[in-house]
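Questions regarding the structure given below will be posed in turn.
Read from first to last, the chains carry the letters A, B, C, D and E; within each, the first residue is number 1.
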Amino acid sequence: MVSPLLILAAGLGAAFILGLLRGTSERPAFYVTIAALAAMSFVALSWVVGLVLGQTQPVEILTAGARPPFAINLFMGGAEAALISVVTLTGLLSAFYMRADLMRLGRRAMAVLLVLIMALSGLILTRDLFNLFVFIELIVIATAGLVLLSKDTRALAAGFKYLIVSQVISILLLVGVIFTYHAHGSLNIDDIAATPMAFTGASLATFLVLIALVLELKPFPANGWALDIYESAHPGFSALFSAASGTAALFAADKLFTAAGPAWLPLATGVGIVTFVGANLLALSQSHDRRLLGYSSVGQIGLVLLVVGQKALLGADFAYVAGGIVISHAVAKAGLFWLSGMVKGRTLSDWAALCQNPALVVAFATFIAMLTGLPPFPAFYAKWVLVHEFAATGQLPMLAIFLIAALIEAGVLFRWFGKAIKHDAQRSLTYHLSRETIVLIAMLAGWGLGWVWGALSDQGNVMTALPLLFALLFLPMDILPARVKNAIAMAGLVVWFVISYQDLDPLRLVFMIIMMLGGAVLFLASFHHQGRRMGFYAPAMIMYAGMALLLEAFTAFQFFAAWEMLTIGSYFLILRGKESEPHALSYILFSLGGAFALLAGFALAAQGQRIFWIEDLSELTGTLAPWVFVLLALGFLTKTAAMGLHIWLPGAHAEAETDVSPMVSGILLKAGLFGLFVLVMEMGHQRLYGVDLTHLLVWLGALSAFIGAVLAAFQEDAKRLLAYSSISQMGYAVFGLALMNHLGWLLAMMFAINHFVYKSMLFLAVGGVKERTHTRLMYQMGGLITLMPLSFVSVLVGIIAMSGVPPLSGFGGRWIFYNAIMSTDLRLPMVLVFMAGPVGFLYLFRLIHTIFLGQPKDNLRQVKEAPFWIILPQMLFVAFLIAFAALPGMILQRVDRYIGTLFGDQPLVWSGRIVNSAYGTWNPVAIWGVIIVVFVTVLGLLIWMNHNAQRVKQFNIVFSAERPFKPQTTHFAWNFFAPYRKAMGFLETPVSTSFWTGVTNALHGTAEFSRKLYTGNGQTYAVHLLLFVIAVYLISMGASS
Amino acid sequence: MMLSQIAMALGFSLILLGLYGALTNRDIIRMIVSFTIASTGVNVVLVSVGYLPGRSAPILDEAVPVAEAATRITDPVPQALVLTAIVIGLGVTALMLAYAYRLFRARGSLDISDFTELKW
Amino acid sequence: MTTRSFIPLVLLALLGTVFFALFVGFTPDETLNRTASYYATQTVPETGAQNVVTAIIVTYRGLDTLGEVTVLFLTAAIVGLVLAQSKAPKGRSGSGFLPSGELLTTGTRMLVPVILLFGAYVFANGHLTPGGGFQGGAIVASGLLLMLLADPAERFSHRLISRIESSAGLIYVILGLLGMIFAGGFLDNRILPLGWFGSVFSAGAIPLIYILIGLKVGAEFSSILTSLEDTEDAQ
Amino acid sequence: MTALTLVAAVLAVATLGAALMALTTRSTAIAVLSAGLVSLFASVLFLLLAAPDVAMTEAAIGSGLTTFLFFFVLGRIRREGSK
Amino acid sequence: MTAFPNFEWVQIAYALLTLFIVINYGMVMTAVVRKIGARVGGRYGIPVWQNYVDLLKNIALRSKISHGVMYYLGPVFRLTGGVGLLMFVPTIYGSEWHQNFSYAGDLILALYFVFFGTLGMALGAGESGHPHSAIGVSRGLAQVTMAELPLALGVFALSLQYQTLDITEIVAAQQGSIFNWTVFTNPLATVAAMVAFVGTMMRSPFDVAMAPQEIPIGPPTEYHSSYLALMQTNRVLFPVAKTVIYMNLFFGGATSWAEFAIKVFCLYMISVVIGVVHPRFRVEQSIRFFLKWGLPIGVLSILVV
């Protein structure tokens, strides 16, 4: 193995060689630079490989032929090798990236770059305190030099502010170093750690050294200078500053915290969490992309510092966690800064230019996912372990703060992503093939690291999950025509179903059928799309992959990973809608919030167990169990859009594309239901402060069912109406589940199936109408029955089924509902559900009436029936609904028997096609028989009496002695239930919306107010710095005394 | 009070004075001057920490034979560190001065509060 | 007193308490600590240098010194960059804060060689007497400075300076690497024989390295000074 | 011993005086010179503290070269400011 | 076991018989009720056979007008709803003839099947393109949703009380003494249900849904001749069928046609009497009324069971 010293020697040597070249020979100078950086990267990588393969051992490198602590020594271990690889590779890529500017400024700039990379490597390698100082100074000076690469004149001021701050830091550091030396008689870090303190001021000295290192990490709020640099520096350099410098400085801080001993770790924890929270909060009101990236960098580094603070508790996991976050951050941040160099404008929406280049969009999404810690990237695993460690060691406030801040961070990043995807680009991309290549390399590195972290994880590798791989396959396949991809996607879903359905219990099987086969049926509608339809299939398949994995998840980790996957996939899907930007954002925020609640719940439940089986939830006891229940339920209820957590749903479902709405409504919501199923199945009744939590769920379900229905009745937008209806329907299902009896669960299953079918059907029908009429506002339609008869039929069947009118399948749901509530003691919530039923009838009637009945509008006289591919699945659903209504037993009987094994009872007796309960009978075939016979007889009667009726002209009516001549005056549709609104309108008060808006406004207000802290004055920044030092000093004194 | 303590007190005072100057003077050049005073103070502190009362410089010539070195010379390590620190200090000062010049060229002003376009 | 100066005052008062605590807690060592006593006893056998500080700087903490030299190298490069980017308006060059009289010019002509020689002496004898590469380099540079003052129109070859600077640095690095190959580690001075204790040609590679450092530091200081002096023609 | 301490104390007072002067004076040039003086006094103090190497370096670099750097920059700024 | 337990073809005949009796009963009773109303008002009123005359006349009339498929099917849905409701409920307790097809389902089936006709009619009226029909539908639906609530609560209380959803069993439990009737064993549930009963009989004060039809030339004119015949049939059949449910649930059912006739008439008269003495509510007023009176009573009834 080559000596790691060569990394330093190569960097320095090449820098000196550059001085020997002619001043004008930029090109060879650039090659020398590249060659040196490549050599440095090679050495670092070869160490990584060697250490991983076990071909070599970590090595201590002595200099000057003397043993430490008498001479400076370096240490090369796994962490060092990995981080130096990150640093040098970032340097190499950034050098390529900045080629034009480096050439412009000449060999001196290249030398500075080389020295910077060398110094960063040195900072990582060295084990000597003063040597650390020297490298830090080198980094400071080189940074101040490279800031000048920017053509932005403001960079000058930023560089100077940086120098001011660095001066103060180095003063503190030097004083700390010398007193540490005085105390320990040594400058060697390992030696210091091993030597007991010799005098009383030693802790003060340690404090100064640590605080100086912490200040290098740009802690909030003493970091205005760093933000200015991020904003104004050359993006290629900012990539280095964030990825490489941040990484190296973190490692240095970690070294010193290790040496200082566990007593100092709370300092890191405290500063880390404050920084993580503060930076992300302030980032909320940023509109400048690079400054936002700066805030994000600061926040991420704070996060790692937090992890450093947990070092003692994390033990062996420390490297995995900290490494995961550091490396994720380095790759993602470098990638984002490189991307920012290709975007001309500096506002967040200027990133819309990226949309011209799908590969870059994927890269952008990758980086954001890496930063937010989504699977399958390293930070995801890291976050998992970290949260579990918080929970296991009882640091619950920390856990909460961490998750909230992570959520804010996700909000910042996804808000940005949404803007970039949905806005129109004002200016095109500054495109360089080399720059794109560099960005894509970073993206691939991200995926590769995801694989590595997965392989290292003891929880299983997300990247090797077959469904995910299949979904990712659609990224390169995106160049294929949409229909080919569609067929492949359908085939994939069906095949996955076929190969995996045998292992599932009937409950999971039903969900599997809904998700996989139902998904395949829904894909039929996607055949409607011509062309390529870029960016549709990969997210859709990721969502389905998530669901497939969710059903087969047996450990908490598998479950959570699958959950996150389906969340991300659906987010991208929803984001595709035309006006969906704000709704997709609120969707992802609520979903991630819910996911974090899940994470916290699982972590609490695991209590430090490495692998936590879902089924072990049932063994939880004591005061912990109800809290676990609350957290998990909160997570799942977010997905089922229970009242209060629902505000994301209407917009998200309504704005989604025609074939996406049924996916996210009919299928995605079932994931939440499945989660709740698992939860109540494993945990059952839990009491918190004497309240049975399932009772709360019953109430919540009932409330959602009722208010969802009322709100739906007031909508003018057809898809929003259906969206609110979903809230209501899922409320029923939650209600059923929470009844905690056999029939309640059967009810929930029945609703799961029914809701999937009729909601998919209705969304497709309404979507088909929208395709033709180009509006979703119902009062702008009318009389479409003759123009779109098939759509009408599916809506008709849909609403009969949904409102529970016999003979269609909705009635079965109602029948089971009544039987279920007969055997429970809870009575009051029923009132709400009773109310919800007829109100459901209201909105459904409105849907069919205002769209299909009444007077056709002049501008819509020529519309055709919805496209074939959109109609086809609807007709399949119609057929299914009729069959299911007549023969419910074909699905329900198995489920019923399975639920019976769980409860040990069998309240329903299936005799032939008749269902009997303790209370009543349901004979679907007889119902059908009677109704059909009566209906046909009466119809025959009417035809006999009135067989030659002919359709008259549209305006062949008279009302109030007027003959209408235009439909607008006669189509009674807008504010259809006006009296109802007068009486029940108070339910429309947007309580939860105002609550969440209030929260958002408060956060934004805080951000807007607090960021005024950064006055831009270098002196003020220095004052902040000292203020920070003093504050930390006083706090830590107060804490230790 | 002993020699090293006098020196150390002086060093700390210089640091504080320098920092005070750097934080209150708006003129960029004066800020840099203040920083040099502060770094001088740091150097004084460093050397004073390494000073052992009554010992001589760590040079092993005729006055201090090799055999007696351990009992005769003062601690050489802080001195080595200060040497490095001084040179680094010069580097940083030169850099700051160059920056000051460029800033002046850019804005025609040396007032630090004029360079606040980047904020928030 | 305005808040502008009041807040820093309070802050520094608080920082002062930190320093005061350090100050009060400090008691000078009675004996050398283990690191220092190692140097006191082992410097001569291991490096052959008389000046322990030099031995530490050049050998034991050689990596620091390499970094230190690099700091100057960097500074020189960046100052060059900073000033090269902004072309000064055409006009009379020179610092112009001191009139260069006849006396100065003549004095300079006589003094400069002496100064340079003295500088060389200082850095070549660093292992024996106080002084070394840095001090010597500074002296050399001050010679150059004197020339600048005496004749502001005087042009120095940037190319020459930068060549000296770079070659010295390169050789320094190579010497360090040789240490890894032929001796105990990077920058080990024992690649050359330790020689007769107390003579100029002793202490292994220390004099050589110090000469390199001296040259390099001198070149770097000169480079910084000249950059500051005559930017407009530097291009 | 006491004599040494006394000298050191006087030196310290002088150094502090120079530093205060550097901070309080209106003229930047005087401030620069005072700062150089602080360095020079410090280098004398280093001699007292048995650190001749440091003393030399401080004198040559801290008080010498640094002061010149300041004047070079000041000179350029003054020249350009007057234009 | 087949889907039709104990099914014999003769049951169809029995059912038709029930249907025949109920229709005729309804014809006469509604006419008598109108006659009484007129006499109370000091008018002479219609002859009791007037309904038969109207029906025959409408059947005889021919129309060529249709506004579309749903328009055409509207009355069919309507009448199917009425007939079906009757068919799913046992009419005479203990009578083998008049159990109809109640084995197809239980109370829940009846409760939900009520909406079948309503839905069909609303759809048909909607397609007529007449704005008043839409307004009427909107009002009617809005009102009925709240009116049904006390009923649902009352029924729930009732089924909790009897621990069954089977109508026949509920009737059976009320046999023996008049004090076994639900109205005495569970007065709260009965009151709640009766609030709903009054509210859904389309009589004053809850008949504002009909108002748009009263303006000259509304849906009844769109629906004329044979369409109207079907609707008239339903109009005499449906209230009776609905009253039968209430009778069965709260008033001990009927063991003979005579008991049936009396009980149905009395129940029907309740809504008539209330209607005569109360002015019409606006829709939001009636909704508030149900919320203010029906809901609390209903809630109380399920709590005290």
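The criterion applied here is as follows: a residue touches a chain if its C-beta (ideal position, glycine included) is under 8 Å from a C-beta of that chain, and two chains touch if they have at least 3 such contacts.
Bear in mind the structure is a predicted one, so any value in this text is a computation, not a measurement.
Excluding chain C, the assembly's touch network remains one piece.
The minimal number of chain-to-chain contact steps leading from chain A to chain E is 1.
Number of steps on the shortest path from chain C to chain D, with steps defined by chain touch: 1. Counting C-beta pairs in contact, the chain pair with the highest total is A-E.
Legend note: the chain whose CA centroid lies nearest the centroid of all displayed protein CA atoms is A. Put simply, the chain farthest from chain A by mean CA position is D. Separating the centre of chain A from that of chain B, both taken as means of CA atoms, is a distance of 50 Å.
For the pair chain B and chain D, the distance between C-alpha centroids works out to 11 Å. One finds 106 Å separating the Cα centroids of chain C and chain E. Mean C-alpha positions place chain B and chain C at a centre distance of 15 Å.
Counting partner chains per residue, chain C has residues 8, 11-12, 15, 19, 22, 26, 29, 33, 35-36, 39, 51, 53, 61, 64, 67-68, 71, 74-75, 78, 82, 85, 130, 134, 224, 228 touching two or more of them.
Residue positions of chain A with contacts to 2 or more other chains are 130, 134, 137, 141, 144-145, 175, 179, 181-182, 187, 1023, 1026.
Residue positions 2, 4, 9, 15, 19-20, 23-24, 49-51, 57-59, 73, 77, 79, 81, 83-84, 86-88, 90-92, 94-95, 97-102, 105 of chain B each touch two or more of the other chains. Interchain contacts (touch definition given at top) occur between A-B, A-C, A-E, B-C, B-D, C-D. By the touch rule above, chain C contacts chain D in their complex via residues 51, 53-54, 88-89, 91, 95-97, 122, 130-132, 134-135, 138-139, 141-142, 145, 221, 224-225, 228-229. Interface residues of chain D, counted against chain B in their complex, comprise 1, 4-5, 8-9, 12, 15-16, 19-20, 22-23, 28, 31-32, 35, 38-39, 42, 45-46, 48-54, 57-58, 61-62, 65-66, 69-70, 73-74, 76-77, 80-81.
Those residues of chain B that touch chain D in the complex are listed here as 1-4, 6-7, 9-10, 13-14, 17-18, 20-21, 25, 27, 29-30, 32-34, 36-37, 40, 43-44, 47-48, 50-51, 54-59, 73-74, 79, 82-83, 86-87, 89-90, 93-94, 97-98, 100-101, 104-105, 108, 110.
Within the complex, the chain E residues that touch chain A are 1-5, 59, 62-70, 72-73, 75-77, 79-80, 83-84, 87-88, 101, 103-109, 112-113, 115-116, 119, 122-123, 126-132, 134-135, 137-139, 141-146, 148-149, 152-153, 156, 159-160, 163-166, 215-218, 222, 225-227, 229-230, 282-284, 287-288, 291, 295, 298-299, 302-303. For chain B in complex with chain A, the touching residues are 15, 19, 22-24, 26, 28, 31, 35, 38-39, 42, 45-46, 49-50, 77-78, 81, 84-85, 88, 91-92, 95-96, 99-100, 102-103, 106, 112-113, 115-120.
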